[in-house]
Amino acid sequence: MRYVIPLLLALACIPLLSPPDYFLHLGVTVLLTAVAGTGWAMMGRYGLVSFGHGAFLGIGAYTMALLWNMAGLTPWVGIPIAVILAALAGVLLGYPCFRLKVVGHYFALVTLAAGEIVRILIVALRDHTGGSLGMTPDRVPPDQGLLAMQFDKSGFWWLALLAWAIGLLAWWLLDRSMASKALAAISEDEEAAASIGIRVTREKLRVTLISTALAALAGTLMAQYRMYLNPESLAGLGISLQIVFGAIAGGMYAPLGPTVGAIITIGLEEVLRIAFGTEFTGGAPLIYGILLVLFMIYLPRGIVGIVERKRRSAAAPLGLPVGAK
Amino acid sequence: MSATLELSGIHAGYGDFQALFGIGLRVEPGEAVGVVGPNGAGKTTLLRVISGLIRPTAGSLRFGEQDLATTPAHLLPSLGIAHVPENRRLFPHLTVEENLKVGAFSPAARAHFAERRDRVYDLFPRMKQRRHQLAGTMSGGEQQMCAIGRALMCAPRILLLDEPSAGLAPIVVKQVFDLVRRIREEGLTVLIVEQNVAQVLRVVDRAYVLETGRVAAEGRSADLVADPAIRRSYLGGH
Amino acid sequence: MDSFLLEALVNGILLGGVFALPALGLNLVFGVVDVVWLCYAELVMVGMYAVWFLYTQAGWPLWVAFAACLPVVSVLGLLLHLLVVRPLLAAPPINQVLATGGVLFLLQGAMTLIFRTDFRSLGVDMPPMEVGEIFVSGTKLAAFCAALVGAALLWAFLKFTYVGTAIRAIARDREVMPLMGVDPQRIYLIASAVGGALAGLAACLLVVQLDVHPFVGLSFGPITFMICVMGGLGNMLGGFLAAFIMGIIVSVGGFWGTTEFSYVVAFGFFIVTIFARPRGLFAR
């Protein structure tokens, strides 16, 4: 983690060099995707595999946007409210799941159902949310932009960077805490963990709270940055799978893994979009799908996982291979 | 037709954990041989190596002319090797007859299904009564019968029995060993792994004593029963 | 009873029949191979395109197109197993599920590339029938009957054949199967082919009721997963019954509110069910 603070400072200086807008756009997108992926991986690395994290992006984004459009509440206040609400939704779903020992495939599919419910609710409440056509937050004149969190790409660069730093900080704090050891024990053997006094439900709930809050934070900023919300890109199975893929492709066991994953997924999307254009729609998801399969087969621990393994085996050639039990 | 099961210098284990260190063992056609020893001595591992569920890391493993170390596990029943696993491992949600049907899965056995099933029912009339009952609902002793019956469906030349008396009441244990004796009388070769040393030595001709993955002693049953060291360790004797 | 409500109930049962097939296929594969095919609905989608293409573009008779659809999707199931699932059999479940999730994107992309995103309709319909006070769609009734026949054939296969018995056995105890002379790899292949064929049959029944487009799988995929989980993953009978419960909830829910509302109710019911019975409604 030593290298993170200089990296953050360096990244924070980038808008001062007035880079092209396209670069800033990619950067903001990558950072926010990384925040969502970091949030997901905080659960995923302990075997709490959620296929519904899109729902928390959606709950966050729509809460913020509706508060702005209907009550005129600035996103500066709306975002904290939205994040708290989404985290509460996560706890509301998580509590019975953890209490009643819904694990593994069952947990994954319950979260998938929850994600779908949120997506369908957004569509069904079309009078307020615009349904599947999406909605746009009301714009304000430029002189009130700061108050309404509507500003240029450099502004969002710093905001996204802040969110990303919060994500890494949360990861770092969790990693250093006893909770991380407890969660690792739980993911190995839940009953054994409970028998040595680990409060399984409580530990899982805490990490769920952090994870869903980060997802919601990413969702609100994505929506506010794009000034557009729609149910497909902020809830539902598609976006949930993309978050998971990003985290796994980068490596969900390392703090920067999901960020590397976000660079890969966003980079891939851009390359495919430019390569195929509108001429061959479908080419992009086709190749994306193939790569996802190849990743799972050949690089299951993600890119960062491979790098770390090389480094560890170089440092301690007699040590156990990473992942050995 | 008959073939000798022959192991020499077998090393095997699970991942980094080695369970067997150079086991040698021989079972002649028509013989009944026991493998005894304390918990964790590697007895079950030994049977799993023979039936191909675990590959040996060194050593040779032959059944007659056949090299078992390279034969896929699922081909062994067609070669005449049947394995009744530890804890019976019946399919509890299938009926008795369906369990027998799974035992007759290999193409060669399917053609003889009806005939062999009837033979199993002759051997174990109780199974005939319970043929449409779910296997999981039967008593332990009945389940053991069913498991042995299932193994007999491939018309084996050698029967591997793993702890047939485990978890059964003493009276049922006696029944199970009577069963084994009857199977022997049918002319079947038997290799039986047991913790119940006193009982098994009454049924088998010869036995091997396994300790921490090595053969600690071997000999005719009568000699082993007479051996003071064996009596002290395994027969609770004097 | 209100005749409209009765009609909704009947439609729910008919819908349940159509949900039942993919639920059976998914459960079969999960029970045997222990892998969730996240792209199952997309296999159905490819089957729908196959029927649409053969019937409207190649001009084949409809029943021939139907008959061709089954082997096509069955082969797809085989390929999915051989190319994606088999290399991952020893991998953690999350990696297996995600790899099949990759196939979901792959199939959506491939179909978009070939057929574009237009909604394609088969353009066949059967006249509605009047039974007592209610109207029943002839198409839906025919689909329902075909689904029942498919389910019955599957049941007979599992009950009376050696392979079928082995499939029921392997779902409980994988490790012991080689001792029975069963090569698990072969059973996996057979289950994947049968699972694919069931997706093909479901495609035939759906393509007469729904327009096909590359994302049509998302409209019935999630509910299929929920049906499987409600019935208990790998529990064929449970999944079959759960399909009817979900069909009725969706249909009757739609009677009182919008379609979306009915799905929200159905999914909500699913979540509550899992809390009440974490291993499925019919877990023993």
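Lettered A, B and C in written order, each chain numbered from 1.
Heads up, the rule we're going with is that a contact is a pair of C-beta atoms (placed from the backbone, for glycine too) under 8 Å apart; a residue touches a chain by one contact, two chains touch by 3 or more.
Here the structure is a predicted model, which is why all the values come from computation and not from measurement.
Student: Whose Cα centre is nearest the centre of all Cα atoms in view?
Tutor: C
Student: Please indicate which chain is farthest from chain A, where distance is taken between mean Cα coordinates of the chains.
Tutor: Result for max centroid distance from chain A is chain B.
Student: How big is the gap, in whole Å, between where the Cα atoms of chain A centre and where those of chain C centre?
Tutor: 31
Student: Find the geometric centre of each of chain A and chain B from their Cα atoms only, then give the gap between the two centres in Å, rounded to an integer.
Tutor: 54
Student: So how far apart, in whole Å, are chain B and chain C when each is placed at the average of its C-alpha atoms?
Tutor: Going by mean C-alpha positions, chain B sits 43 Å from chain C.
Student: List the residues on chain C that touch chain A in their complex, please.
Tutor: Against chain A, the touching part of chain C is residues 36, 38, 83-84, 87-88, 91-99, 101-114, 116-117, 214, 218, 221-222, 225-226, 228-229, 233, 258, 260-261, 263-264, 267-268, 270-271, 274-275, 278-279.
Student: Please name which positions on chain C make contact with chain B in the complex.
Tutor: Chain C reaches chain B through residues 162, 165-166, 168-169, 172-173, 175-184.
Student: Please give the residue numbers of chain A that touch chain C in the complex, ascending.
Tutor: Residues 44, 49, 93, 96-97, 100-102, 104-106, 108-110, 112-114, 116-117, 120-121, 123-124, 236-238, 241, 244-245, 248, 280-293, 295-297, 300 of chain A touch chain C in their complex.
Student: Write out the stretch or stretches of chain B touching chain C in their complex.
Tutor: Those in contact with chain C are residues 51-53, 72-78, 82-83, 85, 89, 91-94, 98-99, 101-106, 109-110, 150-151, 154.
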